[in-house]
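Below is one structure, written out as structure tokens, with a few remarks after it.
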Amino acid sequence: MGSNRLEAFSDGVLAIIITIMVLELEVPEGHEWSDLWDATGLGLLTYLLSFVYIGIYWNNHHHLFQICDEVDGGVLWANLLLLFSLSLYPFTTAWMDESELAQVPVVAYGINLLAAGASFYVLEHMMARLPGQRDKLREAFGRTTKEQLSLLLYTLGILLALFTEPWVGLVPYVLVALMWVVPDRRVERYLARQAE
Amino acid sequence: MGSNRLEAFSDGVLAIIITIMVLELEVPEGHEWSDLWDATGLGLLTYLLSFVYIGIYWNNHHHLFQICDEVDGGVLWANLLLLFSLSLYPFTTAWMDESELAQVPVVAYGINLLAAGASFYVLEHMMARLPGQRDKLREAFGRTTKEQLSLLLYTLGILLALFTEPWVGLVPYVLVALMWVVPDRRVERYLARQAE
Amino acid sequence: MGSNRLEAFSDGVLAIIITIMVLELEVPEGHEWSDLWDATGLGLLTYLLSFVYIGIYWNNHHHLFQICDEVDGGVLWANLLLLFSLSLYPFTTAWMDESELAQVPVVAYGINLLAAGASFYVLEHMMARLPGQRDKLREAFGRTTKEQLSLLLYTLGILLALFTEPWVGLVPYVLVALMWVVPDRRVERYLARQAE
Amino acid sequence: MGSNRLEAFSDGVLAIIITIMVLELEVPEGHEWSDLWDATGLGLLTYLLSFVYIGIYWNNHHHLFQICDEVDGGVLWANLLLLFSLSLYPFTTAWMDESELAQVPVVAYGINLLAAGASFYVLEHMMARLPGQRDKLREAFGRTTKEQLSLLLYTLGILLALFTEPWVGLVPYVLVALMWVVPDRRVERYLARQAE
């Protein structure tokens, strides 16, 4: 089976997730800059963070299916698992905001990030299972050190939130985002080699 | 007429249905794990169940249009009937949650599941009506025992909810989901045979 | 310019409109069938009516762009005008529901229907303006009697709501929907002739 | 990398933004025309304005990717930056409405417009950076006077809102919209030249 419709459906879900988070932002009651800050302050920052994460997943998803385009039933379900994890971002983001970074919500957000990261890992493995795709993926991505480091950093963030101040846990979460925002040249180099 | 746009439109509707259900999850007021459980507990489980159902319909819809890609006016309306039934899932799911599995809402949820199952059945028949597609569909799907069994199980769930405890009705509903999550090899085998 | 992206964007907007209307349905507070009826009764019926209308527009839009696939700036704006009119359906539907069919909301709903009908007419004319497309459209659709009759019936509904009981105005609105639900063979016949 | 999926994802996000704004419109409590005006009056006008803006961005985005269809990591992020700015329109529009055009919300809306305009400018530059695309873009768009004038007018609107009456700031905002609604013949002429 080709991957066109899987990509279209995933685009739809990701587009909605990234957009409905803005509906969680409360419109300020007053009309001054300070009211804007009071009503959204933290919310605007965590909205930005979650927007960047969804953007990263969209980019990585896009790259993955540029290299391989064969899917089977197992890939469809791994993809739905990823979309399910990502669909919880607006919920865990909103809880973390409303609690003003209390411990449990920060840990819950981290678990959500970890679940999405692990789902993406599962999706890559399900894709690599299909004949002929393992080599392509290995050649394009090399080792999956970056993926593994992300999972480690999420875990570190959860532990820091549990055993130090909750906000400290956000530091590794933000680090992961920064690490992926830097454009990933691996895929572009691979596609250039293929074109030659 | 080709089916591209019908597929794109259906993808859009399914993507929205699967995503807006998360908007129904209430953000907990407290900041402890117990608050998360109190606020969402059951909601998270039924969200998962409905997510899986929509995922199954998306998979089946995808498989169906991989085999046949001719549509006519009758197919367009059968497809809209299916989308209408599915669009009610967030509503019936929310009612069942808020009632904490009271009898009537569990029955209403079952009727919604039954209506969607029957609509899919109608859609398959409308597709099979078009010249040349009946044979393809029969060769790919064999007999539609699985579809018929699903309708029977939904009906059983409704009857159990009516005449025993409401939560007992959920057992057959969950069974149907499990039955379809197991990847359906019929379509893959058919496509492999075609490729040879 | 080709029409692919215009179709994809319109599909997205129509998919959202058709789906968010269900968010307007209030979850009943009680757990009996009578509570379901009290909470949604009329809402469920008007949701169905508006769902059918959006389905009709999607079908007609689909047919139109099956025959012609050249667009220019004027077509883009006529299409946005149509999407704007349709995007108000959830709003006017909700107002009509909450008022339990009071006069002004029924008239407002009719004006909304009329605006969408007129926008579609404008869109057809903008498409027919492009070289080579007028003949194709004329051959496929013949005369646009059905479109003109719809506009007349909407106007009749508005007048009936104004000068008799409001609910009487709904009769011509429903008639238009029924008139279009009956599959429109014109396009299929045209495409069959082309294929020969 | 080709731009198909970037376009599909952007279409999805823009379709949602343009549609969820209507959810912000409050359903009137009374059933007279005056209630409609009281509940939405200003809201309907600013909804229309923001709808037109999103429509303009969709048109321009569409034109841009008709001319060039090569993207890289930098373009993906510039596009996400644009989508982020646009995703805040429903929020800033709602604040401006609820404040009945108070000074700070009108300025905040202007900053949002300016941010989106600047992001589009960045996107054009990221596209022009790719080999072979600079010449195509220059030939199609000529000088980017219109883009620069828009940014100037947004800034003027912000300054007018700050130093005169807030509503005066809306005048340049509306001017920009009018300037772009007039169909942009540059791209059509370019595509016609290419076809010859």
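When the chains are written out, they are named A, B, C and D in that same order, and each has its own residue count from 1.
Rule of thumb we're sticking to: a contact is a pair of C-beta atoms (placed from the backbone, for glycine too) under 8 Å apart; a residue touches a chain by one contact, two chains touch by 3 or more.
Going by UniProt, the chains are A, B, C, D = TMEM175 family protein.
None of the values given here were measured: they were computed from a predicted structure.
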Quiz item: Looking at where subunit A (TMEM175 family protein) touches subunit D (TMEM175 family protein), is over half of the residue numbers used by both copies, so same, or under half, so different?
Solution: different
Self-check item: Copies subunit A (TMEM175 family protein) and subunit B (TMEM175 family protein) - rotation angle from C-alpha fit, nearest 5 degrees
Solution: 90
Practice problem: Starting from the mean Cα coordinates of subunit A (TMEM175 family protein) and subunit D (TMEM175 family protein), work out the distance between those two points in Å. | Solution: 27
Self-check item: Interchain centroid distance [CA atoms averaged], subunit B (TMEM175 family protein)/subunit D (TMEM175 family protein), Å
Solution: 38
Quiz item: Which subunit C (TMEM175 family protein) residues reach two or more other chains?
Solution: 8, 12, 15-16, 20, 23
Quiz item: Considering the complex alone, what residue numbers of subunit D (TMEM175 family protein) touch subunit A (TMEM175 family protein)?
Solution: 1, 5-6, 8-9, 12-13, 15-17, 20, 23, 72-74, 76-77, 80, 83-84, 87-88, 90-91, 94-95, 98-99, 102-105, 108
Self-check item: Touching residues on subunit D (TMEM175 family protein), where the partner in the complex is subunit C (TMEM175 family protein)
Solution: 7-8, 11-12, 14-16, 18-20, 22-23, 25, 27-28, 31-33, 36, 48, 51, 55, 58-59, 62, 66, 181, 183-185, 187-188, 191
